[in-house]
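Every chain is named by a letter (A, B and C) in the order it is written, and numbering of its residues begins at 1.
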């Protein structure tokens, strides 16, 4: 076990961790505006990836397929909001937990039947030949993951800070009624957050599929870890997800190598349960003040 | 008084005589009905006071007008158009600015962002809003110089008085046709309360109609052109301040 | 009374006898297998219902506990030579222990975080079962020998009767438990965790117990599962199974043992339902028509939201489409479950039993059991022992929220036996002050002495246990519980029987006692006739009085009333004054926050006036009302 091997493991793992961070970021977006998240997000990533795959197989060049996949992701996000979340929010209940689980199951089954149960390779123009940086193998694919994740997160953060609509987003997160009084429609903002969440899920799918292939296993594998990252970082913490994602990815990679690939999942899950025991609001999150 | 103040409220070109009409309003929360038939009017260019003891339903009235809660019966007409039952954001975009009780500034956002959001319905949503907003921002800052100093600070760190100024500035940014102000003095030290009432007087001179809810009756009586007194969900006395000043019933309504 | 007992328990007994008798009549191993499965899922769903129905939380770990129990049972037999009884006990204990363990992190969580914690646990268990090949044989599967039951070798029929007997035992035990204080506490937890804490009912304790109980039952179900199929693979205990379990609980009906049973029947029949195409088509169409009818009715009568009326029609319509067009329903299993579950969650949230329950109640009008006679009030509101001169003393108390100083250096003394008024304009800090005293917030600075000892701050539970009770400005009643249960759940020092005795149904004595006491309090506030009404169906004024009765159940030394007259009609305000007077006559010290000045004048011995977080006046009501600073605070300074 040389330092070089450890370093390699950490770096490779960290790249995957960025993908978890992106999906977790999607959770934060919807949680911020509506205190809800899509429990079926993993299935959304998978379906978006499959749709992107079909677009590519249908002959669309990569640079056209990407926006297509993103658009689909946004639309599916809107669907989840309409069908699974809005009713529960209006009734001020948590029924969206069960409803988004159900929607996820439905999409999983539909995708199994449309695209089959096998893992399929995802073609990409990005070369897979590894390059060496400081004696560590890094593939251009992995770099594209980092670039893609950070770009999307950066763009959305920029949107939130530099556009008025983005500021309105933060306003709804801070105080829904007061935002309405400014003329901001809270309902449309929640819809936007779900569209953005779906879009980031689609990006995650497109970025990671060339590495892990597209398939049914993608959904569960990705989402639980994204949950871990989101909860450990705090559902209202912003960029904390990147840090936690990197750490988790590295941990997973090491666990897989040292103990066994079947144990990959364990650190994320254990971390989640531990984090929730110690700090229910998340490592970077803020505690809530109760009002009576 | 600066041109700054008067620059606001330019949207009110063709105002109706009665900017706001509330007719037999009933509203409440869950099982309890708080308003049991409230009626009032706000005429063009006037400041109308709504006073009364706590629990009378003043804040509920405001919220039922601005749309945060939906009335169960009765009508609200804004500029002649019915707005009862509509979403709050829709009513706000029509030009009704509600400065809520407790101010409700957006804590994590900067003071300046709060002001910009006040003009949400007027400015472009993506790019170019800064250019459009600069003039209005400047005006608000010259009216409230203390706010300029703290423009980048998160609004949640401001003192109560500063938050109140911010909330009023936010309302002005929307170039409103009417302003609903709910207990601006609440929770503020007496010195600050004086400042707030001075601000309200100057606000009045812009000609923007104002509906002012206050628990501190005398402050409202000083600035209002017309006053309604609420008790237990309905209007019990109304009249001009000069007539009500000496009315024992007003004091009795508060302190029994 | 006999009629009632006969009706409810008669149905249960009848079903039990019916199920027990079937193997004697029908000699079909397939049917027997299904019935055994029914018993297994019955126990499993009863366990799941505790968290999903009573606590109202989404628990995604039950399938994992099934797995844990199953593997435990199998391994204790192969590694330690346990008999069946021992193995089943072991699987129950393992489920119970892991449930308790998981409860620690899950305890503090609500809603989504709780669901996530259970989901992660579930995935963790699946990973361990899969990877720990030396113990579990991993993905290859584990063969299980069915051990003897106290020496008896059980074949299909005997094993079935054992499972049925276990189901019956679980049913009786849970029935007893859920009709005791535990059942009330579970529901109170769900309706208002804050009020539950404030009434001295340990939220953590009961949540953990509920979860551990449900998991223990999951473990037990796992044990019989293992011995039924005699072959285990980790792939069985996965997400899909969990969703099916949820389907069972929701479709059957939450918060109901019969609901869990109906749900179990559905789960057992489901695979057969799908393979029989004609049956599936008929049922799907029937479901679609039902959704159309109910949806249409709800839409036009405006009793449900448009989405609630229309969405089930769409999902059931899709289901009919699938039934009619798809050749292979097996592949679309998950989608079919999803559509069914979606329709039920949106369109029939109370489940089949919830729906049927209303019908049955109308058809068979049974009188509820007679209520006990109310106990004498003096017995409930027993004498207080504090003899000092200052019941509550606040020294320089502060509570800040960021830049806002809600309570800014308040010192005051509340003397025993007095009605102490607390008034002031909006935003003066009154509610924040009592929220600090009662433990909702911890103070930012200053000291609180209660009964001459420092008061543990920041904990509603601890404050409740030293003798402080309160009502809330925004009602925090337990909406789904009856008025009687609302008060009974808060009764102090009444429920002492340990869990095992309660399971055996030996808690009737304290139930009776609690009921008598609660009725006395309901009588005092004029709600005796509404004892059986659900709190959420009571008129607003009655709900306010109910909160007072509930707080009195704590027999407190200090009762805090936070704007009890808010929103009350004039006649109710008069009633309120009478009630507070009677509270006073029983020697209870009261802090009264009020805006109705006539109430304050009539009742208060002394009044403290707050403004901007500071005390500006204190004294008798008539003196305070004329105090210039007080008038200025309310009406504004003159000129």
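Just so we're on the same page, a contact is a pair of C-beta atoms (placed from the backbone, for glycine too) under 8 Å apart; a residue touches a chain by one contact, two chains touch by 3 or more.
Not measured: the values here are computed from a predicted model.
Undergrad: Of the chain pairs A-C and A-B, which one is connected by the greater count of C-beta contacts?
TA: By the number of C-beta pairs in contact, the winner is A-C.
Undergrad: Using mean Cα positions, find the chain sitting nearest the overall protein centre.
TA: Nearest to the common C-alpha centre lies chain C.
Undergrad: In whole angstrom, how far does the Cα centroid of subunit B sit from the Cα centroid of subunit C?
TA: Result: the chain centres lie 42 Å from each other.
Undergrad: How many angstrom lie between the centres of subunit A and subunit C, each centre taken as the mean Cα position?
TA: Centre separation, subunit A to subunit C: 33 Å.
Undergrad: Distance between subunit A and subunit B based on Cα centroids, please, to the nearest Å.
TA: One centre to the other, that is 42 Å.
Undergrad: When you check subunit B against every other chain, which residues touch at least two of them?
TA: Residue numbers touching two or more other chains: 107.
Undergrad: Within their complex, state which residues of subunit B touch subunit A.
TA: 66-68, 87-90, 92-93, 97-98, 100, 104-109, 113, 116-118, 120-121, 123-127, 129, 170, 174
Undergrad: Write out the stretch or stretches of subunit A touching subunit B in their complex.
TA: It is residues 163-165, 167-168, 170-171, 174-175, 177-187 of subunit A that touch subunit B.
Undergrad: Write out the stretch or stretches of subunit A touching subunit C in their complex.
TA: So the residues of subunit A in touch with subunit C come to 36-37, 39, 83, 86-87, 90, 94-95, 97-99, 101-103, 105-106, 108-110, 112-113, 220, 224, 227-228, 231, 260, 262-263, 265-266, 268-270, 272-274, 276-277, 280, 289-290, 292.
Undergrad: Per the contact definition, I'd like the list of subunit C residues that touch subunit B in the complex.
TA: Within the complex, subunit C touches subunit B at residues 402-404, 406, 425-428, 475, 538-540, 543, 563, 565-567, 570, 595-598, 600-601, 612-613, 625, 630-631, 633-638.
Undergrad: Looking at the complex, which residues from subunit C come into contact with subunit A?
TA: 58, 102, 104-106, 108-109, 111-113, 115-117, 119-121, 123-124, 127-128, 130-131, 194, 239-240, 243, 246, 250, 305, 307-308, 311, 331-339, 341-342, 345-346, 349, 401, 431, 435, 440-441, 472-474, 476, 562
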